[in-house]
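Here chain A shows up in two complexes: once beside chain B, once beside chain C.
What follows is the complex of A and B.
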């Protein structure tokens, strides 16, 4: 049957149904079903978060100053982003301001996480949708060296011998039968378009990125006292500064600040010499594969982040832009107020929760998390073994957040579209430069490739921002300010009887908000609306589809039983289901099941 | 047999403390820091559900001892010790993981990069209950912590490392708000906080609600 969604998409649920469960190389667990017509074109898409998340409810009654430590445990990736969002929410509720150094240090940590996540996502979770490491074994190392020098003349690691060594290492790894990290690929699918040399170059950078990511996280160890699970503090940051100190423990000293500085430089070099050139080189081979735009050309949202000054979240003071674009009108960027009960609302008509009445939307401060698992009448299979889900009923553990009723895409591409539309100088220059280099029109941004490219541009921009805040921190310290925390309101006796607050960040994968209500010194209600809730949202009561679902429509699949194209587009969102929902696959089987019916 | 004498040892607990017996590994290292004095070349670490973030710690270690809740298909509460080549295979088998870059992938990555610890030992416990969000260890699993630690002490002794009674203060453990006592005592009532999940993945929840 063909239907038209209010947000402008045509759905047809006839034809073959392809089920991918679980979608691999993401955080958490999700399932995806699509209908494919005789030409192999996707005509309907249904994304299901197959985990239930209960973080909010276990925070009830706890000390709000501890919430960050719990939210840090939601998942294995965004630890710091959740913690930062949490402390911001509590500070907002209690009217706590933070010192300038704390703002710079938090920004440096948040940017480090952003860069770490983008690089790891591109090389270790997403590249294998474009790059074929098995094909790399057939590459000529000499030609690979020439390619490397052409795409990035200033990258020092480019000799034929270097690529030969890497190729031998790969061969050994593959021959030992432990394809390991590269298992589950569809390595002979015609959707892979790179020549062997480009595959070898990119696979080599997969290894270089692994080495670099180990360095990046040291920033968290230095400022957060430890990593994984760095420490955070309501009122500032938990590290003292004493530039005259020595050693690797105790207060932050010059030695450790110099280490941070050298890591920032390494990231900037990698972004410039490796990451961006790779995206341009790989993207060049896929220039005609401009599927996957989905909602990005219509409705995008960002809360903004990286405040220049402490305690000032006004839009023009944020380095990562804030705003909302609806119905594709780039000439009008709306401001976003996350406190306004009319703006951000969550709906559960197609989610396994209950609000007591249909069509109801709740602002997160009034959010409820009451699970209600029920399946629709058109379900195929059984309750415990679902063959085909019924999307006309409830079908996901993810709620459907909406901005003024609109389904929105969030993430690096959304931030970049908003920045571009607002005339944000750095972002506009980057975007125009990339489009010129690749000889592509601005419309090309609204695609899977655009999402992947925006992430690379943002990684580069975040590197520069890191440097900016590092310099700011040093200048401030040199001027005699070593304050890192404000503990005036640490004692709950200083708090009002009731308070509510909101914390916002731009997580690597998009807009993240925590809304908290505090009563008698304890958490009364806590709601997280995470990026993948926006992007992975199911349909709402009006029938609007979410970003994942919209992005898959009209894509041509080379071989429906090998869902390379589906994975490529879903991965481009860097989905993280661990915090948008909670646990898990029935047997943790690493192999994705793909069923075509 | 060649003697194993690693210079640097990593004792790692992995799992999610928010999730009943999934917290076994993390609670083992937490308890070990309170009851055992370890020499300086042994590092205790709460790895949580982290993936690639753990790579630098593996690189620094010549031998790795991991505590984890693992589904061996045995009677709940059973302890199993695995060594070297068997470790990754078992950690992947029916392992319930919050994250696709699970620890198995971390080991595979370390091997690819050529810095996987030469010796690896896994002390795993068959969980009783995982489907209790916000809950803590079940008695049968909790009771295995002293045995798991005794096994670890024996394993470390076989590596030439002497462990005595005492304490090992460490920065690399859970935040005090998540320490076992605080975590358990601060738990909200069941009426306030739903503890179970999806029928398909939580069969006992289905039974309760059916």
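What follows is the complex of A and C.
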């Protein structure tokens, strides 16, 4: 049957149904079903979040100063970004300002996460959708070396011997018969287009990136004590600064700062010598594969992040842009106000929750949710063995957030489209440079490849921003300011009886918001609307489809039983399902308890 | 099997000499608390062992354990995955998806019956017929049971698998349940922490591959080599605790001198983990070194024990017949109230995650 969605997509669920569950190389649990017509083209897509943890009810009644630690555990991949959003929400509610150094340190940490997450995503979660490590065995190491020197003349690890070593190691690995993570990959699928040399180069960088990523996070370890899950503080940062006097070895001192600086340099080098050149080189072979645009050419959203000054979140003071574009009109970037009850709302008509009445949307401060796991009449299978899901009914643990009623895409590509449309100088230069290098029109941005490229550009930009805030931190210390925390309102006795606040960040995957209500020193209500809730959203009562589903439509599959193309496009969003599916009743209503066995 | 690259091959190929390799083995032995007589054993194991199959499954979790695992510096994560184990199923990292992934799962169980290690990250929720965590259209708990049946041993990674962690905090809406309460007929090694330290994770695996046996476990099922001492016992700020030098509020002079964080709610005195010795991310730091107290993330039910800034009470200092309150300055920042002072110094040795409300 063919239907037209209000947001401009045509759905036809008559063709063969293809199920992908689990969707692998993502954070958390997700299922995807598509219908494919006789030509192998996807005509309908259904994405299901298949996990739910209930963190927000767990937060009810707790000390708001502890909330960062709970919410940080929403996700260990984008570790720290929920914690930062949480301390911002609590500070906003209680009117707590943070010192300049704390702003710089938080930005350096948040940027470290962006860079880490983007690199790990590209090499360890996404690359195998484009790169065939088995094909790398056929490469000529000498030709690979030449390719490497051509795409990245300043990368030091480029000798034929180096690539031969990696290839030999790979060969032994494959010949052992124990293929490990590569087992059952789709290695003879014609969707893989790289020549063996590019495959070998990229596989080599898979390993280099694995070594580098453990260095990037040391920035978190220095300021926050560990990674994953560094420590944060309402009112500033927990680490004290002492570069001059007695006991400096017990604080952030010159040695610590030097380590941070050296890591920032390493990241910048990797972005310049490896990540960006790889995206250009690999992208060059796939530049006719411009599927996957979905919502990106219509509706995109960003809250903005990386404030230049502490306590100032006005749009023109943020290094990552804020705004909303709807109906594809790049000439008008709308301002976004997350406090406005008319702007951000969540719907549950196709989610496993119940609002009591159909079609109702709620702003997060007033959010209410009761889990209700029920499957539609057209389900194939049983309640505990889903073979084919019924998307006409409830079908996901993810809610459907909407901005003024529109389904929105969030993430690096959204940030870059908004930045480009607003004339953000750094972003505009990067985008134009890349399109020129690859000889592609601006429309090419609205694609799976565009999403992947925007992430690489952003990683490079974030490296420069990290350096900016490191220099800022040093200058400020030089000027005699070592302050890292404001403790004026640490004591709950200083708090108002009731307060509400909101914290925003741009997580690696996109716009992230936490809304908190505090009463008598305790959390009364806590709601998070996270990037993958936006992107992985199921349909709403109007029938609008979300970003994942929209992006899969019209894609041609080489072999429908091998979901390379589906994985490619879904991965380009860097889905994070633990993030997206944790919402819970703010009134703490008791849940039906059914014990299994 | 001769084709399989051993750990020694890897090191040699990377230009590491026999001498350095033996030195590495000595360091590994030392890190595991073993004497010099174990060095040749470690060397032999690393030179000859084929890769052990591992199935790594994910329940309700946040993936911080996987993220921690890939941070391992010695051994490097890539060497573990390419040369020490055969990670035949791991939905976070594997190339295949859907049916092809499920097939890899079944093939591994079938082929290596009784010989694979099952690594579990996260836990199964039991409410709603288990459908709060669905994989392959079915409840995760079914997959866990299926994989456990023929496993040689199970590793419960992190606080989720070991104790339940954040989703099991009150009121535990999904009835998230730790692995040992669902699987009761297999040896289970708990490696708690949120997440565990990377080198502790790879250390446990390396130990099992090297000695071909389970590590010695304490009463809670944790490897004694990494979890038998409190963070407080080996904390480099311990002398400040003993001397009565405390941080009284964030960013005060004492904080800038690296004094003890006990009064800021540090749970080091009641937390069993290797953070103050192995430290984090290649030994760069650990929470206390970076100015925030320990939140006790490797202890059972730490989310519900107390606020992270509430002081652990009843801790006496060695050789000092006074509590921190009497020695330090007047408390300014910590949740107030009289401190019950009953515990004798020997009580410190008992596991005391049961801290009293201050």
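As a convention for this text, the second predicted complex is superposed on the first by the 573 of 597 C-alpha atoms of A that agree within 3 Å, B and C clash if a C-alpha of one lies under 4 Å from a C-alpha of the other, contacts with A are read in each partner's own complex, and residues count from 1 in each chain.
Here, a contact is a pair of C-beta atoms (placed from the backbone, for glycine too) under 8 Å apart; a residue touches a chain by one contact, two chains touch by 3 or more.
None of these values were measured; they are calculated from a predicted model.
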Clash or fit: chain B against chain C, after overlaying the two structures on chain A?
clash
Can A:213 be said to touch chain B (first), chain C (second), both, or neither?
both
For A:73, select first, second, both or neither according to whether it touches chain B, chain C, the two together, or no partner.
both
Looking at chain A, does chain C or chain B touch more of its residues?
C
Under the stated touch criterion, which partner chain does A:21 make contact with: chain B (first), chain C (second), both, or neither?
second
Have a look at where A:370 lands relative to chain B and chain C in the superposition and call it first, second, both or neither.
first
Which of the two partners, first being chain B and second being chain C, lies in contact with A:225: first, second, both, or neither?
both
Once the shared chain is lined up, is A:202 touching chain B (first), chain C (second), both, or neither of them?
neither
Between chain B and chain C, whom does A:567 touch in the aligned arrangement: first, second, both, or neither?
second
I'd like to know which partner A:128 touches here: chain B for first, chain C for second, both or neither.
second
In the superposed model, where does chain C crash into chain B, at 111-119, 255-263 or 327-335?
111-119
Which positions of chain A sit in both the chain B and the chain C interface?
24-28, 50-52, 54-55, 57-58, 62-63, 66, 69-70, 73, 75-77, 79, 120, 124-125, 169, 173, 178, 180-181, 207, 210-211, 213-214, 217-218, 225-229, 231, 371, 373, 383-386, 397, 578, 584, 588
Using the touch definition up top, name the residues of chain A that touch chain C in the complex.
19-29, 31, 50-55, 57-58, 62-63, 65-66, 69-70, 73-77, 79, 120, 124-125, 128, 165, 168-169, 172-173, 175-186, 207, 210-211, 213-214, 217-218, 220-231, 233, 235-242, 245-251, 259, 371, 373, 381, 383-387, 397, 482-485, 487, 490-491, 561-563, 567, 578, 584, 588, 591-596
List the residues on chain C that touch chain A in their complex, please.
3-5, 9-10, 13, 50-51, 53, 58, 60-68, 70-73, 76-78, 81-82, 85-104, 107, 125-142, 165-167, 169-176, 194-195, 198, 237, 249-251, 255-259, 275, 280-282, 284-292, 295, 297, 303, 307-309, 333
So in the complex, which bits of chain A are touching chain B?
24-28, 50-52, 54-55, 57-63, 66, 69-70, 73, 75-77, 79, 120, 124-125, 169, 173, 178, 180-181, 207, 210-211, 213-214, 217-218, 225-229, 231, 352, 369-371, 373, 383-386, 397, 578, 582-590
Taking the touch rule as given, give the residues of chain B at its contact with chain A in the complex, in rising order.
16-19, 46-56, 59, 71, 92-101, 105, 108-109, 111-114, 130-131, 133-134, 171-172, 174-175, 177-178, 186-188, 192-195, 197-201, 203, 206
